[in-house]
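Heads up, there are several structures right after this.
In the two assemblies presented below, chain A is common to both, partnered first by chain B and then by chain C.
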Partner chain A sequence: MAVPERNEFFIDPSRCIGCQACVQACSECDTHKGHSMIHLEFVNRAWSTQTVPVVCMHCDSPTCAEVCPADAIKKSGDGVVQTARKPRCIACNNCVLACPFGVPKMNTGAELMMKCDMCYDRTSEGKKPMCASVCPSQALFFGTREEVESLRLRSRPVNHFKFGNQEISTKVSMLVPRETQAEYLDVTSAMNEKTSGQVVFLNMFEE
Partner chain B sequence: MVDQDRDYLSQAPDGKPHGEQPQWRQDFPVDIPQDNYVSRREFTKFLVLTSAAFTVGQMWIVWENWRRARRGAPPAQKIADLKDLPVGSSLVFHYPTHSEPCLLMRPDENTLLAYGQKCTHLSCAVIPELEKKRLACPCHHGYFSLEEGRPIAGPPRRPLPRITVELRGDEIYATGVELRTV
Partner chain C sequence: MATLPRSEIEIIEQFGPHLAHMHGARLETNAEAERLVKTHCCFCGQQCGIQLKVKDNAVIGFEPWYDFPFNKGMLCPKGVKRYLQGAHPDRLLTALQRDVNAPGGFSPMDYSAAIGKVAQAIETIQSTHGANAFGILSGASLTTEKTYLMGKFAHMCLKTSNIDYNGRLCMVSAGAGNKKAFGVDRAANPWEDMLHTDVVWISGANVAECAPITTNYVWQARENGAKIIVVDPRITPIARTCDLFLPIKPGRDIALFNGILHLMIENDWLDHEFIDNHTIGFEEVAAHVKEWTPRRTAEVTGISERAIHQAAEIWGTARTSFLTHARGIEHHTHGVQNVLGAINMVLASGRIGRPNCGYATITGQANGQGGREHGQKCDQLPGGRDLGNPEHRAHIAKIWDMDEREMPQPGVDAYEIFRKIDAGEIKGLLSICFNPLVSLPDSDFVKRALGKLDFYVAIDFFLNDTARHADIVLPGSLHEEDEGTVTQVEGRVIKINKAIDCPGDARQDWIIIQDIAKALGREKGFTFASPREVWDELRVASKGWINDYSGISYEKIVAQNGVFWPCPSDDHPGTPRLFEPGSWNPIAQGNGPFYFPDGKARFNVAPYTPPAEDIDNEYPLILTTGRVISQFLSGTQTRRIGPLVDQYPEPRLELHPQLAEKLGINDGDWATAQSRRGEITLRAQVVRTIRPDTIFVPYHWAGQKSINRLTIAAQDPISKIPEYKVCAVRLAKAAAPPEYAGKLEPQQ
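Coming up: the complex of A and B.
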């Protein structure tokens, strides 16, 4: 079985209301019961309540698989990067550190990397992933490109990203406002800056 | 050999075509279809090498059997005097080499029995239980019959090697080892 080519995954962060429905639905799944493979991140928690759901972007050149010393991360023929193979994974955390999107997480108890595999058991049968099936604002959308283009007139899908010198194209698309230009930030230059979250954290202890 | 025709799904990070990638990338591809792909040449190589290994193994077994047959029986060795072995007792001796402990038993007046002491399961030392007419291995509760040395209970499947014993006057001699498989 393979994921039908017509169906694609779209993430629209501007529609996310932070309801955690996707997180709960993900942790319901029997293959990783109790562990959510989706991360609901705050963009800037000090200043805004805006959240972004982070699922695996399924890169064309998956960095996690490139850095895996145990050959545990594989991509199936339909372009879905599968979670680590349990007999092979040595829990070295390379993929956790290398993924530019911060998707893989180490399950230290099981000594196994676990990540989103786009609900392969569901999507390969033509169903929606758990998160997309429950998302009330459809920030997580699973369907055809024509559908998303007719539904989201002011958005356009983007699946090319740049992290420093690394250019990444992905199977999953982000929806961005149609008229905006792509901006590339030099992520490495921000490494020495104090983050706004850190300022708040320090103030808390000074008071 | 690099197979140019296979369509790769993943791109290498340097963006170069797969034909120019190093050998390790061909050996450990990210894509499952490429990982499962076995070329006819590789499969044939696997078949030839494994059957060659099996053939060599069989020839080695034949060679070892031939060597063992050529060696002949080990020289006779005196174990004990008959008067040192009262009825219903047993003693341990080493035959044919010092590393092979054996048991000599005298269950009744006219019978002398000798077996190798290593259990055929995992080489623990077996203990004679003459009153129960058996040999017991304490490690995994394996039992051998006293008369034949054959397994009667527990994990062992092969009989103990039988040591042929000869009475020369009043002296007991071990004259040979009878290795048995069934």
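Coming up: the complex of A and C.
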């Protein structure tokens, strides 16, 4: 099935069930077989089954590229931030430390920074990325803005983030409750919030 | 002679489970596949469409199959990594015979000689002790063609009553309940009917981990405005963000269903027109649930009265709904009653047989539906016919060209087969697609029973944990090495396609069975040249009765991306939704949509009874068991796939921090659980997502890591399903690490 060119990547963490289909499928991707570029973590398993999948957000001004002393991290014309160029990467780890979303991974064996490139080999041929293809909850969704508008009636996409004073705009959008007014997601302050599922938990033992 | 030929550890060293990881062509970033084969996943009942990448007679990866309507390319981690089961170091490439002097306790054997030995043993046992002294255990992960052949092999070739299947551990409570209420056993609706309902009610179904693709249907329903109600003793991933969570005490589901119906009646949230015209038995049920006041319901279920009222109101006032359940309510000594209670709620609402009004059990195994329809169940003949019914016997005997008087009478369930082995009544056993030593409850008993067999032959592609006790092992086929059909969770018949040839001396299971028949000199009726020939006979055999497949050709399946049964003629498109007004079925003959002579559905009084083994001072905690997403059933396949084992390596014992604190157990500590049948030492996982009176352990592991050494073999009197979901245990911090720690790899 060919997909329209206007497809974008959307993440809805409220749908995530932590199944790791994305993690397993990512390692099947032809450009980095055997290595998964996705991060999927429990927020706090002792309290909740909440999990959050993180793919590269593909920033308009990628921090990873900005801090790279070897100029090894390039962005494609259509805004996809690539894995470090092998001949240039000096495996210094700057990008790993600096990325506010915690995306790049250091492959120490290959002495190379590797990261999600939105399945460039697939998306450039009109196919969906592996992770969003398989995701059983469709927490990872690859489609058009119109599809999101009609399918995700509870949500709206946001692609502006704040980490302290750093403001970031990204190619990938996060789905937030439709009724919220916020123009950006303040990630640093959200880190103090409780895991979701605790309302359910309270219902369990309140009475 | 079915004892272990060598120590467990020596057998494991030789035959695994070892882990397969990506290597060779599977790791090459530019490996071009020769072809893509459209087929389905080999694991659960969702039966996701998938394309296997094939190169040099090996599956080297997968590509999503976006056009298959059920999953549209989606897969869970098992589906993604399923291909690693092929070209596996543990794969059985020859027949094996028990040999105490061989490394690992088995030596390779010529295939024909092995078949000869099996036939000879069957002949000896049956001529000495009678036909019923040889038993067969089959499975619901086989294609429908194979399950049909297994039933025919038992009933026509061996003439034994004693065949049953591992669906006995899965689908039988739902099946029996559905037959009692609707007269037919199939999901009433396609999953699409979930998408635009007012409410999705999920009872005892860990949807996210056991039926992952259903998740997107539930979430999409919610996007479209549905309220989601989840009933479970654990806050599973699907429960985390649901609208109403009912933390039920294990084994009390019927009390909740009766309590909800009580409030539906009290508030007149009923469809009187539907009840009056399309059902019978409402008055008796109404009288019965009168005593199930919210207070009593709350006392029994452990759910707050407020939440019971909320649930009843959401359910009662909905215009459309989809109720679904799974093993959580079915794995009980009153599993059938639980199912009937759920169906009573549906019937009282009148929300069935229409668009967006649905009811279904979530079938567990790949062919959980098709595998329970065509004759490998102990009391069944093809087409959903009854082995005890003289007309049905005559009908099938004619198709099989055999004397009806030679057809055996109905036999016993899978667990009873082991009791008969223990009692010395069954002396020989053939198993295929079943690993009872891991999957049956009170498994130390199963192990002792295996030791009493005169002869045991196992057919499998890996040496599963039970097959270690075999005299002969015959090398069968993997899912991708054969073709055929299965019927998935919605009742949609789909096509499994062959991607590669069997390696070595391994061969397709239907060939092995026919080879045994031939060696017995009873090959009449067992000369099929292909699965398609088996299928065409099955279509004829199913014609005219409930599970009518007669109009389903392989070509139609491919053309329509699956065909829902019943499909009684070549020009019939199939039946996605059951019980539509005006629909015809062979029982009602036009009198109504339900499968009874009057065409009406049945309300059934569903009385509450506590679990067979309730907690007491000596064993004060409830043990409940279930699955994790990265493993499947007894793990014969998934405990051999490296990335899946890495995801969740070993069973952990889940308990609530309140309980953990009382017992002095910290997260990660070794903890020992004991029941009246056995004990187990596992690492504790302390989480607030479980009731404090309940502990949970997943069941996919063998030997000392098998929780089924503790579970109880009490069974539902109607369905014979074991009560996996409740038994009484005590728990303590372990004095020392278990014996296996440091000796066995996680999957072993």
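Just so it is clear, the second predicted complex is superposed on the first by the 175 of 207 C-alpha atoms of A that agree within 3 Å, B and C clash if a C-alpha of one lies under 4 Å from a C-alpha of the other, contacts with A are read in each partner's own complex, and residues count from 1 in each chain.
We take it that contacts are C-beta pairs under 8 Å (C-beta built on N, C-alpha and C of every residue); 3 or more make two chains touch, one makes a residue touch a chain.
Just so it is clear, the model here is predicted, and its values are computed rather than measured.
Bringing the complexes onto one copy of chain A puts chain B beside chain C with no clash. In the superposition on chain A, A:M191 makes contact with neither chain B nor chain C.
When the two complexes are overlaid on their common chain A, residue A:W47 makes contact with chain C while staying clear of chain B. Measured by the number of chain A residues touched, the leading partner among chain B and chain C is C.
By the touch criterion defined above, A:D71 reaches chain B but does not reach chain C.
In this overlay, which is a superposition and not a single complex, chain B and chain C have their closest Cα atoms 23 Å apart. Of all residues in chain B, those touching chain A in their complex are 9-13, 28, 30-33, 35.
On the side of chain C, the complex with chain A involves touching residues 22, 26-30, 61-62, 64, 66-67, 71, 73-77, 79-81, 208-209, 212-213, 215-216, 219-220, 222-225, 235-242, 244-245, 247, 304-307, 629-630, 643-644, 647, 657, 667, 685-689, 691. By the touch criterion given at the top, residues 60-63, 65-66, 71, 73-77, 79, 82, 166 of chain A touch chain B in their complex. Interface residues of chain A, counted against chain C in their complex, comprise 1, 14-21, 23-25, 27-28, 30-34, 45-51, 128, 130, 133-138, 151-155, 196-197, 200-201, 203-204, 206-207.
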